[in-house]
Amino acid sequence: MTVSYNHQVATSKPYLILKLLARWKGSVWKAVSLELGIWIIAYYTIFCIYRFWMGDYSKKKFEDFIRFFQGSMSYIPLDFMLSFFVTIVVNRWSTIFQNLGMIDNIALFASNYIKGNDERGRNLRRNVVRYCCLSQAMVFRDLNMQVRRRFPTFEALVAAGFMMEHELQMFHDVQNRYAKYWVPLNWSLTLINNAKKEGRVDSDVNEFAIAQEIRHFRTNLSTVWQHDWISIPILYPQLVFTATHIYFLLALFARQFIVTADQKPGEVDIHFPLMTVFQFIFYVGWMKVAMALLNPMGEDDDDYDCNFLLDRNLTLSLGCQDCHRDPPEMKPDAFWE
Amino acid sequence: MTVSYNHQVATSKPYLILKLLARWKGSVWKAVSLELGIWIIAYYTIFCIYRFWMGDYSKKKFEDFIRFFQGSMSYIPLDFMLSFFVTIVVNRWSTIFQNLGMIDNIALFASNYIKGNDERGRNLRRNVVRYCCLSQAMVFRDLNMQVRRRFPTFEALVAAGFMMEHELQMFHDVQNRYAKYWVPLNWSLTLINNAKKEGRVDSDVNEFAIAQEIRHFRTNLSTVWQHDWISIPILYPQLVFTATHIYFLLALFARQFIVTADQKPGEVDIHFPLMTVFQFIFYVGWMKVAMALLNPMGEDDDDYDCNFLLDRNLTLSLGCQDCHRDPPEMKPDAFWE
Amino acid sequence: MTVSYNHQVATSKPYLILKLLARWKGSVWKAVSLELGIWIIAYYTIFCIYRFWMGDYSKKKFEDFIRFFQGSMSYIPLDFMLSFFVTIVVNRWSTIFQNLGMIDNIALFASNYIKGNDERGRNLRRNVVRYCCLSQAMVFRDLNMQVRRRFPTFEALVAAGFMMEHELQMFHDVQNRYAKYWVPLNWSLTLINNAKKEGRVDSDVNEFAIAQEIRHFRTNLSTVWQHDWISIPILYPQLVFTATHIYFLLALFARQFIVTADQKPGEVDIHFPLMTVFQFIFYVGWMKVAMALLNPMGEDDDDYDCNFLLDRNLTLSLGCQDCHRDPPEMKPDAFWE
Amino acid sequence: MTVSYNHQVATSKPYLILKLLARWKGSVWKAVSLELGIWIIAYYTIFCIYRFWMGDYSKKKFEDFIRFFQGSMSYIPLDFMLSFFVTIVVNRWSTIFQNLGMIDNIALFASNYIKGNDERGRNLRRNVVRYCCLSQAMVFRDLNMQVRRRFPTFEALVAAGFMMEHELQMFHDVQNRYAKYWVPLNWSLTLINNAKKEGRVDSDVNEFAIAQEIRHFRTNLSTVWQHDWISIPILYPQLVFTATHIYFLLALFARQFIVTADQKPGEVDIHFPLMTVFQFIFYVGWMKVAMALLNPMGEDDDDYDCNFLLDRNLTLSLGCQDCHRDPPEMKPDAFWE
Amino acid sequence: MTVSYNHQVATSKPYLILKLLARWKGSVWKAVSLELGIWIIAYYTIFCIYRFWMGDYSKKKFEDFIRFFQGSMSYIPLDFMLSFFVTIVVNRWSTIFQNLGMIDNIALFASNYIKGNDERGRNLRRNVVRYCCLSQAMVFRDLNMQVRRRFPTFEALVAAGFMMEHELQMFHDVQNRYAKYWVPLNWSLTLINNAKKEGRVDSDVNEFAIAQEIRHFRTNLSTVWQHDWISIPILYPQLVFTATHIYFLLALFARQFIVTADQKPGEVDIHFPLMTVFQFIFYVGWMKVAMALLNPMGEDDDDYDCNFLLDRNLTLSLGCQDCHRDPPEMKPDAFWE
């Protein structure tokens, strides 16, 4: 479920920022807490071994290593990698999100262009939009874990009212080696075509208008599916995630305070790697942004709430079909004169 | 209300820049003044404690901390974080702004394609466009605080002339668990459909043309709504805002002048952290750009002026419906020969 | 007027670059010359005061300041700010430029689909396209200073042949609180509609085709207008311009050569801040890119030549209406066999 | 074949990252292993020559070189070059991938708008979609090595069922100097046109709807082909790849540990260039991202699986033509009341 | 002519990279060779003057200058300028390339929708597409030097078969102050319109379909023309190119080895500025990418091959008109059962 915080940034007042930072769900704190905990434990383990357990000679040797790491951690271009990778991932995320598929246009056009207040008319309208919702539910089932968990089988779709028993039967009868998301859309188009033949749709152009909306909807679903099919090539995230992990693995050593050397000004033994902890939060948090958005169909706090969208689309589109015959009575409006 | 300054950058003359910088409303000065004030007070509090209250030993210890912070403030990748985050936020802001929804196309097509100078014809045209404005007002009410404040209830929409009493009644009669922005658009489409049946719209294609404009308008509104529904995942702004705040929290200490040490050349005790104040203005100001644009539907000086847009759309679209029957008399133009 | 240099970069030969760099109009040299002059005068004023007027004690104090500024000028993230801001401004500039509005599609469709070689037919075609040009002229008048200067009043539009006297009269009769750019477009659409009714347009679909082009044209104009209405929030350019100015204000001091200290190798007193002058040219020139593009409707050398576009659109579209009845005689072409 | 890892990033749990990093196919490990091996061998060759074979004088001279390289490796702007180049390549890759061409819309429209359950009707529908798949197969043959290997000749296309013997004959009869991808699409359009004339397509608008889908499909293929025709100008990848190679060629020397000098703190002879190996993995891995995406039609692990797409399109589109006459029986749905 | 190298990056094998780097045509080597030669000559001229001709005092003074330049070359933000500028130029380049204009859609629709196997029908079809090609040739003549050289006069277009004598006559008869690219397109549209009237085009919608393709084609040409009309404001390339040149002008001095000073470790007199040569190749090569793409209509090795496109469009579109009446005989396909 996406985490909403818009009302907290309605104005850029300082105290509103504090409220924003204090959120836990979907927050950077939640995202990095586990890793940070592990890192701190590892840090203090090395800390103790180095200070209390090593002999003088080992200490010397160990300190050489610390210095070696300190001098070459800048070899890892973490800034560039993270910033550009995150931008690419955000663009991808935002393409997907703009193609999630809102049923509204289909619903409005079906409601207005398919005539008839009898049962058959109502059935036609309701089925046209329901089949579109069904197709979306089928696609989302295969991409989104939360939807999958809600609808582990097609029977669950029947139970939820997206489908009916005899439709499921027909669906299973269609033989095709590949995903059959198109079957319900085919039904939709056929129904519209039949409605046209029965004279329930006035004109070719109106049939065209509804069919085009279904086409847009299908293209949206297809875009989402394609983005699931073709991920960002695995070596790019591997590269970025490895770089981040190696960096902080080295930091376990490089940020140990060297106890046996002469202290130079600016070197203070504060027993806690405060600045490295900050650095950890910022870089690992940044990496987590990329991870959270890499598969927006996943189960992170901030992933798309596909179940909400499915329910909304079904309810709205069905509800929309029943109130189409009755625009309000026309009276002169407030600015008539 | 967006702050306009285009005429001040019509040419890139130096003195025009000065006028641009001297603006207060929506300015970076206004945005950072409060935070900067707090920061300076905190700075001088620490300044006084450190210089006048601490003993020699505490001073030594404290200076160790100062040096520690000085050495590691570069761990925070503020440049990269702010520049990339701001770019992402600006892109989002500019997508929203290109989808705010201008009524003009609907108004022009309705005015030309729905015929009839009698009351019913006029009523049809005016209602078709008014319902579109009404739908936009309903969406903006839920997203924009200023519009919300203006129209706290649907009754306020009635009072402002966007809606009529009996329409509100009908609107409430529609049962749906989700936002009912589509209801007025449905009325619009039905009216056009009725007009077609009555012969007031000449052809299928003209009906199609108006319906497509309504479709575009609705898709715009939907895009704006979707961008409100799905924010940039909260951990990204948290990350960037935290980094900026931590940086200047540390700067409170790191930028204290060390009084007990030997002065190296280039170290001057000027009693005022001039450069850090500049740095504060630039980085916090940059962060404020991101904050101001993160929710462009908010109440910052530079957020979209949605009330203006609503009024413009309603006035323009209604006014447009009354002057459609009378193109100017045709005479040979100035270049006729 | 945009400055064209394409033929000078047709190949990437070195001497062509020199010709490119030698251009004055719209050039970086012209853009920074004034500021650079002021800066150099200021520099030598401080230079003289410091070297010839100050006593030894003041010199010492002053040099402390120089060193202080030298050490902290890197606090200003000029590179990041300028590069990202310029990129955002260039994107905006290029969106506007792709929506300036070319009349050609309307002209071609009107010329072909509105039939009749009699005076009325010719009048219909010419008026349809002229009204579109008129609408564009009205929008550009409000956005572009050069167009405004050319057409300070609507009467000037009449004088230039964009409008006729009786049309202006009708235009003034339309009462609307907001800009009335849509009025001429409304006339255009009505004329097409009338032509359809008179049988001068063959079919619904052809009427639709012309109307859609007018719609595209209007949407382009609307996009340009929207980009003028909603500027990039003022605090972003303020931030970037301030940063650049502060930087070079500090450089006035920081780049003075310290005369009393021992010279370190690499420190040479060359009496002229050569490198800082280069730096000034590059950074201030970069800032000028942003300023020149921030309002491309302004009066900089490189701003869009809207008057040219208006004249071209009017001439081309009118001329296009007279030669439509006569495609060349059909003969077998060169590759017939 | 693209490597899928979406389910491993469904949540951003730490252990899921480990599974992601452990992938071999398409991984950064696989991509850099060979180069890394060669580099390490070269490193130790120089290592041995320098330490065990050189005399004292040569060592001195050699160490001068090492120091020379150490001091100037930062002249190569690897960070900037790689990050910007990779971003450009990723954008290109993602444009291509969004234009690969899904047959679904054509299949659905053909299935619904071309009537007739007799053999001719079925044949018409099946041929219309098959010819589109055939055109795609022809384009992909020329761009993609895997498809080329599968279909080395047109006869292979016949064998695979994309084409029939007599169609191949006709195809060869068409004389044209340029690629003849358009021939099957031409057949498709003619079939639809014939179907319209026979009354198997109901209306002009329906014919238009199918033709538009074929147009979209062809435009997609054309876009893919254009991206193959016009590559990113060769000097850009040359530049970036050369920079990366030169950098690590120099690193062979610059990262040798200087044995004869006095050891400064932080310089430890650890006999293995650990940090440089990390750096190698990150930079060369990054370069590999660019290389893998530069020609997404190639044979890397992560290149598009065009054979899969061809099979899917053919199977799905043919299968779709047979089930179009029979929407499920209409019954009241679950939310009827 | 664009340089193709796609098959060399089909896989990211190391030896394929070598083949890529070994290309000369359009390569970075060719691009920078001349400048590099001049730079090296200049370097050694200064080198000789400094080492063999200067006296001790001049040497001292000169070395001061060397050190002065060494210390301040970082003032020039070459990395940021080049990387962002190149990205902007690449985006522009890729917009132009996606709008070059492929005739295929027009050819397919004209071939299918304009009926008649008699001479007039064939003539109609061939002329409709030829006029579109002619319009493209006219636009390209004004933008592209290679096309200009091939068609220095309109007579050359006649000779090449794009136009016929009597058409040229008619073209010259059209009076218009501005470029007359639209004239052939006007003829095309008129021919289609006539064909409709003669009954050779079946329906309004089919006429609309062809006209829309011509509209798309014209809009593409218009986009290309607009990008030629409005260049990136000249001060931006001036800035970037100046910065690069100044940088390496300074490098002529700054990278001279200081012979009279005490050698510090890491300073080796290798008599050849190896690293600076690398740096020269990378930065100047990067600048050359920008220059080569800034005017993709020019004559660089990698500029668009417009003559190829013109020939392809003409040949393909004419060839396409003759084979439209004969889809292959329909037989059950391989998957019939």
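Chains: A, B, C, D and E, in written order; residue numbering restarts at 1 for each.
Heads up, the rule we're going with is that a contact is a pair of C-beta atoms (placed from the backbone, for glycine too) under 8 Å apart; a residue touches a chain by one contact, two chains touch by 3 or more.
Quantities reported herein were computed from a predicted structural model and do not represent experimental measurements.
Following the contact convention of this document, no chain is adjacent to both subunit B and subunit C. For this pair, subunit B with subunit D, the centres built from the Cα atoms lie 39 Å apart.
Subunit A and subunit D have Cα centroids lying 24 Å from one another.
In subunit C, the residues touching two or more other chains are 31, 80, 83-84, 87, 204-205, 208, 288, 292, 315. Contact topology of the protein chains: cyclic, one closed ring where each chain has exactly two touching partners.
Begin at subunit A, move on to subunit B, and keep following the contacts round; the order you get is A, B, C, E, D. Only residues 2-7, 9-12, 14, 17, 20-21, 23, 25-29, 31, 78-80, 82-84, 86-87, 90, 94, 97-98, 100, 102, 104-105, 107-109, 111-113, 202-206, 208-209, 213, 265-268, 270, 275-276, 278-279, 281-283, 285-286, 288-289, 292-293, 302, 304, 312, 315-316, 319-320, 323-336 of subunit D touch subunit A when the two sit together in their complex. Partner subunit E is touched in their complex by these residues of subunit D: 31, 34-35, 38, 64-65, 67-73, 75-77, 80-81, 83-84, 87-88, 92, 119-120, 123-124, 126-127, 130, 143, 145, 161, 164, 166-167, 170, 174-178, 182-183, 185-187, 189-191, 193-194, 196-197, 204-205, 207-208, 211-212, 215, 218-219, 222-223, 226, 228-239, 241-243, 245-246, 261, 288, 291-292, 294-295, 297-300, 315, 318.
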